[in-house]
């Protein structure tokens, strides 16, 4: 480096960071003695300047400056120590320093009490910077030690009993680790005669023989131990648990970042161990996420997450180096790293602010929207959901791994991520859980000043900003994918307005936005845009029926609906996936806004005990929402891998090139199909569906069922179109898909039969009906697809009506159990009529629209030769009658309860959308050709039209169907006897009677409850074939959950809290690495 | 068992160890060029202060922060502090718990202490010429403190003095390092002061200066550490850290 | 079958009315006839042939009635509309344009699905009566229906595969040319399955639990009386006969004339009657389980049979 | 057509039902019906009614045992259009099978009122006429027609099925002649019947008219 | 003589260093008393320093100080490697710092827990 006389310039060199930190650090005690506040000022100025230095230099590098090598002592390396400030270093330093500044802000109340704390903090940050920048092996050791000692001291600062114990263990562990590192360093020096890392790399061939082997092993172990690999990481967890949030965050993100960077630096001499490192990283990631499941202590939970994330980074860096894919490092490592850095730091601070030890006590922030939003943003980022950096990084990573055919790693990473999502969002669930009034001990309300939230808020903003930058780097040109988010944000800004006003604004915004997003679509996408956007708005209109404030509902709803629009617009799999995840996330949050009356344990155990109906009433929407999110994530991961498989074959992201996947087609199709099936609630994967539909807001359930579920269908059709049809190979998965669909239909129907809860009934019914559609898509024939799309439209129509009318009923009766209703036809004739028409349309009984779908479906099945499926379809549509009748009978017919006598008709706002849907049903029923023509044209590009029309009659290979004529005949057949009856009624004295005027002799009816036959309506059916619908899937998933938890419990036996055990593990780790890498063979 | 395996590994190392018969590349350079470039006779010093100056700075930092850390850990609680404000000069009270030392010890201490400190100063000032240096000198000074504390438990060491010396010497070290950037080849380059006559006291550029700072800093820091351990159990004046 | 112009449609409606009249009358008469046969078996004389007509008339001549509500009122209307509609979609006499009804509007699939129409409407009507026995009866009836639907669906699929069409007219056409072409001969497995389902469909013993006159006073129609009951009785005759015609068309070669139709349907009906008088009543879950066992198995075999034997 | 409430005069006032329960029962009074305006139609209707006698399957007393043989091969009342119906809604003939105890009377009244007109009552045996052998029983009504209008008495203790058949044929004759107006009689003298009924039935606990 | 050549002097130091490290580790792993653990750490640390120093030994070398005994021109053949010496200097100081912090932890732990047994310090686990 050329010396200049410009002092300012010197300070702005990266070296300035050290100079500043040390200089200020040394002076702080003095300044502090003079004036405490000026010391704080100096402290912050130093941190700020450190950021500025890092930022300016990074900017210079991005703008094309060459990598800065900073020499010291005016002598060229390797003879002196040198530092390097390149792109990675710069980014890392900048990020760490930013976090450090924010962390200092967060932790200031404690820090400012001691000059030593201030200077330790400052020097700790400098130490991390040093670890990142130095290029000397021994100097690295020094910085590690600086960091460690500063950390020790800061851990000890609070002087709590637990903190001290943890700190001591931490010292023991890290001192052993650094001893290893030191030994390794000296032996490396022994062999290479140099300490400069670049020089060592250049002289790699000198590191040979047992000494070389052991020396590298020592260094590796030393660094790895600092990264806290499983199981040698109990000490780290203890520290995370006990250290104050400001410190824990710095350890978690800062120190780990430094060590990680150090590891990255020495990786070139670790070629031999790359596989081991990858395994250690992967193993740590998976296991720590497993164990996280059992954790209830907030900060320890974060600790597990932290360790997991570092494991993931270790795994990824090892893999990337192994694959020689260093070009991907910025995006993948950078993305994951930054994501972890900011999100984790924010969470630690949040945990510190809220100061609730057990995650179960976090319900005390349930009434703090700002804290909840922050928590949600950070968790979302951490899990890697869009639009955060983790999302992009994960995408890149999976794509890369897939193109290298490393599916084992992908599986591991995704399972780990899923587990992480489980415990993180479980935490969020607890936080969302509003306390019930009966709760014995009510956690005190958290009072958090706005100032304290600012650092966390800033991390959130930074995450958004970085995500945006990353997406630009990833060549995501289509900025429209952000539109839903922006719209949601805009609506959120007006969330304080009157509910009517804001909902209307939301509807307007979504209409306009949706129109512009979807107006230039064509084909299937256009068709779905009518359904998803038009239909979505129509059904959303019904949400106006509620008068309460509904904070957060409308912003999220607008995000949901618009993300559906962007889903339809997606040209590439990345856009598709982005929109998909956004949709999953927003619908999760919307579900969570649902029923929230009772307090319950939102653990992830599923409750589906028929006989304990009272228990369900206790369930609120939080637990189902969590399950929903998990299944959504699982679905998303399947889709991700599916896209990745396809990408590995085609090399690009375009959806239309999915079909060129060649030999991977079957695999890609299967994976994608599983993903969509989960979302649709396919057989065996359906357990989320009833609970979610039941517990979400009633009007939102309508949107969920009639609109959002169509996204899954859309996805299925898209992949069927691109993969199934275009690839044009005998797709066995399609046949399997057909079976899955029909089993879904059958079991959905059977399970609906036995429900007591009206929403669960309709939910299962929805699942069953979607099953037909899945099978229809799986048929891969023109008629099959027409039937699938036709049924999709129909499903939208009748499920929209059903859920909205159910919403009306629940609104009026405040009940969900059908046996507690009855006779409501007298109060709600319009709702009844709409429901009845919807049910006839659903059942497939002519003349309403359901018949057309069933007819085409059956014909298509026969064409294809899927006779068994056809028979099951027959059966399930017969079973459907059972629950449909039950719905009408037990709710609207039969005996009306005394307390329901005064009920009014459902609100007009609920009835209007229903009325419109009914009108559409009638139009389609009478003249289905208009719909079928549109569908047929949309499908034409994929499968050529095989429909034959003869006038108004549709001809298939087997049968024919003349909808208008059928409509006319049935109308005639219905009206004629009606007239007859009316004529005869004229001759009679007809007395309109009340509900108890029924046939009875011995005793008169006493109470409507006793006279209404509704509970366990199909007891005999249950006796006959109920055994097939015992909740096996639920039992299975419960067993999975149970098993996972016990497994997690057994995994954490290593963490017995004894520092010596931890030390032993560290030594075992080293020995293990030695043995695994063939140490004995030496 | 693990230790057994460790032992095997170490045995492996030892078994494959052969003694160096020539200097490593790095060492060769240092020994060959060191005296000319740096002007220090003690090559270890040259390495420590200049070639690996950053290490040394870090080392000083380590010492500094461990002293600060010890202070932080062993500070007294606020309540105690407030209490203690009232009895700033409470040495007398504590005198009851410490027997005053015998006269022989006192006299010997008075005699020896200056010599120890002086020796320490000598060691760090001559670090570039002979074995020794800032650390060694500092350690000797600290041993003097130790000696004082052991011999005269009642003796009072000024915290303020320690703090000021500590901070200023550290800061000056950094300033010297920066001067290296401004006036010579780079950070911690000691050659901004002319190297002087080889073998003289005031030679080898800024090394004596640096070593003085280091020596002072180390000495006072170690003293501070010792003092803090001692005072942890006694009631002493308010500790600002 | 192309119908043109208003006149064509009117004559079509006229022809259908005639068919309706004939089939209803025949259904009522056959009911009386069966009653008499049973009476003879029991050593009685039995009801006069006119008795069903008188019963219906009497019900229409009732002078008082009660109404539980709109759906209660409409229930019987739905019921008979289901009967009339089903008949409308079944061609009655093969080769006779006049009695082909409106079978050009839809195929076998339409008929099968439309059968539910009446049941659903009736169920709703009975539901509004508020009588728990009605609800129980319907619950049982519907459950049983799902059960016999399985063998029936399998049998139907089997013959659809066999004849490669869903059009009833074409199915009948394929069976012309002598008894050896009837489905009962060519695809006896499917016929067997369908006939077992038929037992459930007709609601005679052993599958009449949903009416159960003693324990739940005749189940769904407990509250129905007067003209409502009249309509339902009409429908019972009409719908029963229609089902017989359908079975005849599908499995027994159809009919080319009214006489043939009457003989065949009578014989088919006798199957249910004979079994009905010989067997006691199943409990509803037993009935359901029964259908899920042997008839379903036979149904499955029928499809295998068609695929292995007939189409290869 | 549904609004064709015959009479809004309250029948629930004195029923002893709670207010809550009163909402659940129709409070309309029954009304008499006129014959069809056209004589031929009325005759035809009466012929049909006579030939389709559906008996409510409610054995109120010991005489019910004699009803069973009617359906057997020996007597085969099916020949005359007689059939049993399980529900009063669909029945047109109520056979009072012998003595009516007070407890049974309540049930009989309910069932009778649930039947739709025209409806006919046959009183079987001597007990409904004058109490028969239970004439001095504390809980048997002696003169049944104080409580419900009877269209035909078949006396005897017990009357044999043959007499029953003869009685049915007699009833048919009366119906055809249009002489069986019991239902209208009941409606016209509703208050009288009710007061009689309430005199004996102490725990009334039901609406005055069980629609 | 032969054995001596095969068994160079620095190897003794090296092995002693290793033994010290092992001893130290043994102490850290088996002794439950915190002070003993700290002593174990110090032992280990010292062992490492010995290893470092021994690594830097060049057969027949002397201290790398250029003076009359070691003229500048021949220095490269006469002196031992100065680098490990420099490193060890740093390492010692660091070891000292860590020991100091560990000791102060021990002091505080004794204050809060009233014990110095490490197996009593298991409040946080799992």
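Chains: A, B, C, D and E, in written order; residue numbering restarts at 1 for each.
In this section, a residue touches a chain if its C-beta (ideal position, glycine included) is under 8 Å from a C-beta of that chain, and two chains touch if they have at least 3 such contacts.
Not measured: the values here are computed from a predicted model.
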{"item": "Labels of chains that are neighbours to subunit A and to subunit B", "value": "E"}
{"item": "Farthest-lying chain, centroid of Cα atoms versus that of subunit A", "value": "D"}
{"item": "Interface with more contacting C-beta pairs, comparing A-E to A-D", "value": "A-E"}
{"item": "Identity of the chain that, by mean CA position, is farthest from subunit B", "value": "D"}
{"item": "Between subunit E and subunit C, distance of the C-alpha-averaged centres to the nearest whole Å", "value": "99"}
{"item": "Mean-CA-position distance for subunit E and subunit B (Å)", "value": "18"}
{"item": "Inter-centroid spacing, subunit C versus subunit B (mean Cα positions, whole Å)", "value": "106"}
{"item": "Rounded Å distance between subunit C and subunit D, as computed from the means of their C-alpha atoms", "value": "36"}
{"item": "Multi-chain contact residues (two or more partners), subunit A", "value": "138, 142, 145, 149, 152-153, 156, 159, 187, 189-190, 195, 985, 987-993, 995-997, 999, 1064, 1067"}
{"item": "Two or more partner chains touched - positions in subunit B", "value": "2-3, 6, 13, 17, 20, 24, 26-27, 30, 51-52, 55, 58-59, 62, 65-66, 69-70, 73"}
{"item": "Interface hub residues of subunit C, defined as touching at least two other chains", "value": "62-67, 69-70, 73, 217, 222-223, 226"}
{"item": "In contact (per the touch rule at the top): chain pairs", "value": "A-B, A-C, A-D, A-E, B-E, C-D"}
{"item": "Of subunit A, residues touching subunit B in the complex", "value": "1, 3, 5, 7, 10, 15, 18-19, 22-23, 25-30, 32-33, 70-75, 78-81, 114-117, 119-120, 123, 130, 134, 136, 138-139, 142-143, 145-146, 149-150, 152-154, 156-157, 159, 187, 189-190, 192-195, 209-211, 214, 1064, 1067-1068, 1070-1071, 1074-1075, 1079, 1082"}
{"item": "Residue ranges of subunit B touching subunit E (in the complex, touch as defined)", "value": "2-3, 6-7, 10-11, 13-14, 17-24, 26-28, 30-32, 34-35, 41-44, 46-48, 51-52, 55-56, 58-59, 62-63, 65-67, 69-70, 73-74, 129-131, 133, 135, 199, 218, 222, 225, 228-229, 232"}
{"item": "Residue numbers on subunit A that touch subunit E, as the complex places them", "value": "138, 142, 145, 148-149, 152-153, 156, 159-162, 164-169, 171-172, 175-176, 179, 182-183, 186-187, 189-190, 195, 234, 237-238, 241-242, 294-295, 300, 1052, 1055-1060, 1063-1064, 1067"}
{"item": "Contact footprint of subunit A on subunit C as seen in their complex", "value": "13, 60, 62-71, 73-74, 76-78, 80-81, 84-85, 88-89, 102, 104-110, 113-114, 116-117, 119-120, 123-124, 127-133, 135-136, 138-140, 142-143, 145-147, 149-150, 153-154, 156-157, 160-161, 164-167, 217, 222-223, 226-228, 230-231, 283-286, 288-289, 292, 299, 303, 307"}
{"item": "Interface residues, subunit E side, partner subunit A - complex", "value": "21, 25, 28-30, 32, 34, 37, 41, 44-45, 48, 51-52, 55, 83-84, 87, 90-91, 94, 97-98, 101-102, 104-106, 108-109, 112-113, 118-119, 121-126"}
